[in-house]
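A, B, C and D are the chain letters, set down in written order, and residue numbers restart from 1 in every chain.
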């Protein structure tokens, strides 16, 4: 029982990091109907910048630069996608794959074999509550995710900007007629989406992991099942999907012996299995908008 | 063959797009469906084509269409020309018209891949027929041109010809002259008349151009907010108070 | 003098096939190739072997079997032997051709299953024997006692399964309970697995994985308050880990088992390699894999010298000469090696080291060379 | 689909190219023959993918999975039971190799069909992302189903032979025109035969009825359905077709590499195949072939000439090595080709104004049209 609770705690804190990335995917998709496959390399970019700068300017300033780099990276991608006038959404998503290959290769070359710590203030501290031990970094991740995602939802629901974002996402043509500047609103989707990924990246490389590595970006792929399970165009669903993936992955890894029939190392693939099952049941994810069209 | 709609209803997340719509399209007639924007005209077409699942009954002759998937409806002889041109842009006019022969032909992945004689003959036969239809529609010169290189009016015409190439019993035309020049409109009207005369096809027409509709249609159904507010010959509909309100209410 | 492929009147060509661009193994491959080159430079400076200069042809396969087969068919006709072949799937793929072409090859692997192959020269101890020595060492130090539970986290594949074989055998002999946990090379966060070990009551963690898993295990054990020895093997340690937050945990709990001496260890061989490395790559962080790369080339070099004496610089000649190396002394880079017995490991002594962040290369000797009492009873294969 | 300018020149060109390819083994050494075999395998796989992604508009990142099904299917079905590497015990029915090869292709098709309930329900992007899962699940199985797959170190590949004549091996000895026809020469011809057949078949499908239906389905599924195209069946059909092509490619890759290992069939491979079809122009069979040759051939050739060119860092030294350079190159190629092809793209509906005179209705066709085509 204790083990279950401990694993759940780990799963939820890991899931909150996935949720950040997944919300990023969903915001970009909802805003512009593009699946940003470059989310992973943007995450790596942000974390890399933090790791490079933090010895010189301190962690918090480096964090600012890292988030800015991630957000600007998102904007740059949006600019790139904007170059394609007549492409459909699939073509645009393929474009992000190309961008991802470019950026990830260059960053991997720069990082090389190094493990680059980000110098975060949580270091290797741990919190012990009621027999549970959770790293400070993961507690911070959970709280930050709650705060940032909560704030984002408030902005979407309550502010004028949020209303224009939502209407632009729902019907671009009508939104244009209402005087909403699509380019700005869409650019903001990329900016927010990739800043979220960067923040998640920071926590992903923090304790108990050791730092930025050449393939840190691959971890963002885990958020893909999360966002699909929730529904590509549903930021709310992405939160749930992220948590579900984090918990499922941790439980399967933690109960590896009992689940031996799944094969060793099944924790990694559990999210994908879950994703395919959910898709068979609901082709647009749990909260994705379904189309009335029967084709 | 008569196309009849009975009490057709369709909901979109609480909004009633179609609300108990009933009307008949007599064989060989030109039947217009008109109404203000958002009145449910295109939904009506989508319902007939099987793209939306609706309540009520839609019949073609004796055959119930509701519940059938779109490709089966197409196979039964319901063809549609789309309002926003839905052609394969990179493909030639000929290829675009050949798609319409899909339900009349049978080559699959295997037989097409192997280049069987049967497939080659079928292709040849249908190519001849499609060429005839293209000639009829005034597209003979551009058969080998990619659709994307055509003018807007010509693409509208390809859209029409493609529906014709399905050898339909009922032809659904969604705003066939929208955005056309005066001359193009005249040509299209002539084409629709010819089609009905020559092929005896029923034509269902959604169109905003009132003079054109009044001159062309045998019968008109007026929709507003998903409901039929008037149905009858042009002269009758023109005088109908609800129609006047629906149309003129916005411009007092 | 009979000569074979790769041998001219003035040169002898050797090959190295490595992963120099891949993310996981790239860094390891690079260092070993550098080690190869250090030895070759040194020999050439001293006039070569058999009056011929040595040349090293390096091919990158990116840890991809497809690229490796192509690279091999290009490399094979032009070399006499191979000083470095990285990647166990790749070794498995190329092994049939290596055998038919009689191409003496040093695989970058210590798997005992490779001993079967006539032309694969596995240096030093094998993974299974390292684990036996390591486990017995913990018992002899009193860190483990009969009845204790030990967990072994291992990679799928040759390296992990071979190590597990050794640890399982040793656990049986030492009265320990062993639990194996298999992971993938790409698993970076082992929180769930280690949490599991804690509830199993593991008294020590054996780790046959790579450095990133070592980092994760060290970090997680600390974060969940599991203060037990961690024992890892050759690929499981990288000095780069010392710049990370887990340094303290590593220094406290990590023991590293290797076939070769720690970088810059106090013996003539390691000292010489360290000096050569410093001179050639002054700005690169040192790593004990340089030692291993150096020895790999040295074994081929010694075999070449023997072949030269035998007046047979063909591939068969090189193969025969290598089987004549009985107690090859590498100046303390590795334990003395004996290649005359087919199917047996060249040595059964393991270097046991602990982590010291202030040492160059990050490792210092804990026992020096160590062979447990039970080790000779173990049957390889 | 372009107008047949001069059929004679085109046929002559094709014949010359084929003759050249047939003569290659007389001039090339083992390295080039092997590169050629890998390239031709990739061409087949890429053609399969371009029909799926380009014609049918179904983004698939699962291609590596279907390649693996073909490769492993053959390895297992033709394999004999015995000891594998790293202590695994291999099982295998040891079927005649040609039977095993055909079954492996069928198996790949069946895998495509099995995935098609997912594929048929999802459109474009959802499918692309879901197919990603297939790669990871597939690799998981490859690593774990040891008796079948051999686990981490994979399985050896039995030579393909017909009636005792090895099509990919050295037995029996064969010398033609003074050149010994060993494994690599035979493999070259095998791969060439398969690639040419795959090219021709795919070209016919793309130009024919299924291709037209798929293309319209991609651009406008509702219109396609309204033309009588059963969408689900066609989506599934495209998947099965592409999976079977991947199956053939997988077998050829396995035969050339002589061993299959799970590491090879990962996400990177899927992305490489996607790059091939994007570079070649989505939906173009010829483009896919060119893209495949570029993506597969360049790294192999660059590493061959890398030292000679001297632009790239030598293995083990600092700087951009050939492998990294190639990855950067194809990343950039994807970006450039997507942007480039969409830029010149199709003119926008509204931008073109129409002032051409209306075309008169030719009265002659009236009578002919009355003959109903049904």
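Just so it is clear, contacts are C-beta pairs under 8 Å (C-beta built on N, C-alpha and C of every residue); 3 or more make two chains touch, one makes a residue touch a chain.
Molecules present, by chain and UniProt name: A = Branched-chain amino acid ABC transporter permease; B = ABC transporter ATP-binding protein.
Everything numeric here is computed off the predicted structure, so don't read it as measured data.
Colleague: Chains shared as neighbours by chain A and chain C?
Modeller: D
Colleague: If you tally contacting C-beta pairs, which comes out ahead, B-D or C-D? Let me know.
Modeller: So, comparing the two chain pairs, more contacts are at B-D.
Colleague: Give the label of the chain whose average Cα location is farthest from that of chain C.
Modeller: B
Colleague: Find the geometric centre of each of chain B and chain D from their Cα atoms only, then give the gap between the two centres in Å, rounded to an integer.
Modeller: A distance of 39 Å separates the two centres.
Colleague: If you average the CA atoms of chain B and of chain C, how many Å lie between those two points?
Modeller: Chain B and chain C have C-alpha centres separated by 74 Å.
Colleague: With chain centres taken as the means of their Cα atoms, state the distance from chain A to chain B in Å.
Modeller: 45
Colleague: Show the residues in chain D shared as contacts by 2 or more other chains, in ascending order.
Modeller: 143-144, 222, 225, 231, 324, 346
Colleague: By the touch rule stated above, which residues of chain C touch at least two different other chains?
Modeller: 30, 156, 184 - these are the residues of chain C that touch more than one other chain.
Colleague: Multi-chain contacts in chain B: which residues touch at least two other chains?
Modeller: Within chain B, the residues that touch at least two other chains are 50-51, 69-70.
Colleague: Which stretch or stretches of chain C touch chain D in the complex?
Modeller: Those in contact with chain D are residues 16, 18, 20-21, 29-30, 33-34, 37, 58-60, 62-67, 69-71, 73-74, 77, 88-89, 92-93, 96-97, 111, 113, 155-158, 161-162, 165, 184.
Colleague: If you look only at chain D, which of its residues touch chain A in the complex?
Modeller: Those in contact with chain A are residues 53, 57, 59, 117-118, 121-122, 124-126, 128-130, 132-134, 136-137, 140-141, 143-145, 221-222, 225, 231, 267, 271, 274-275, 278, 282, 320, 324, 327-328, 330-335, 338-339, 342-343, 345-346, 348.
Colleague: List the residues on chain D that touch chain C in their complex, please.
Modeller: That would be residues 30-31, 34-35, 38, 85-87, 143-144, 151-154, 156, 184, 253, 256-261, 263-264, 299-300, 303-304, 314-316, 321-324 of chain D.
Colleague: Quick check on the complex: what are the chain D residues that touch chain B?
Modeller: Those residues of chain D that touch chain B are 1, 3, 200-202, 204-205, 208-213, 215-216, 219-220, 222-231, 237, 240-241, 283, 346-347, 349-350, 352-362, 364-366, 368-370, 372-374.
Colleague: Which stretch or stretches of chain C touch chain A in the complex?
Modeller: Spelled out, the residues of chain C in touch with chain A are 23-24, 26-27, 30, 156, 179, 181-184, 186-189, 191-193, 195-196, 199, 211-212, 215-216, 219-220, 222-225, 238, 240-241, 243-246, 248-249.
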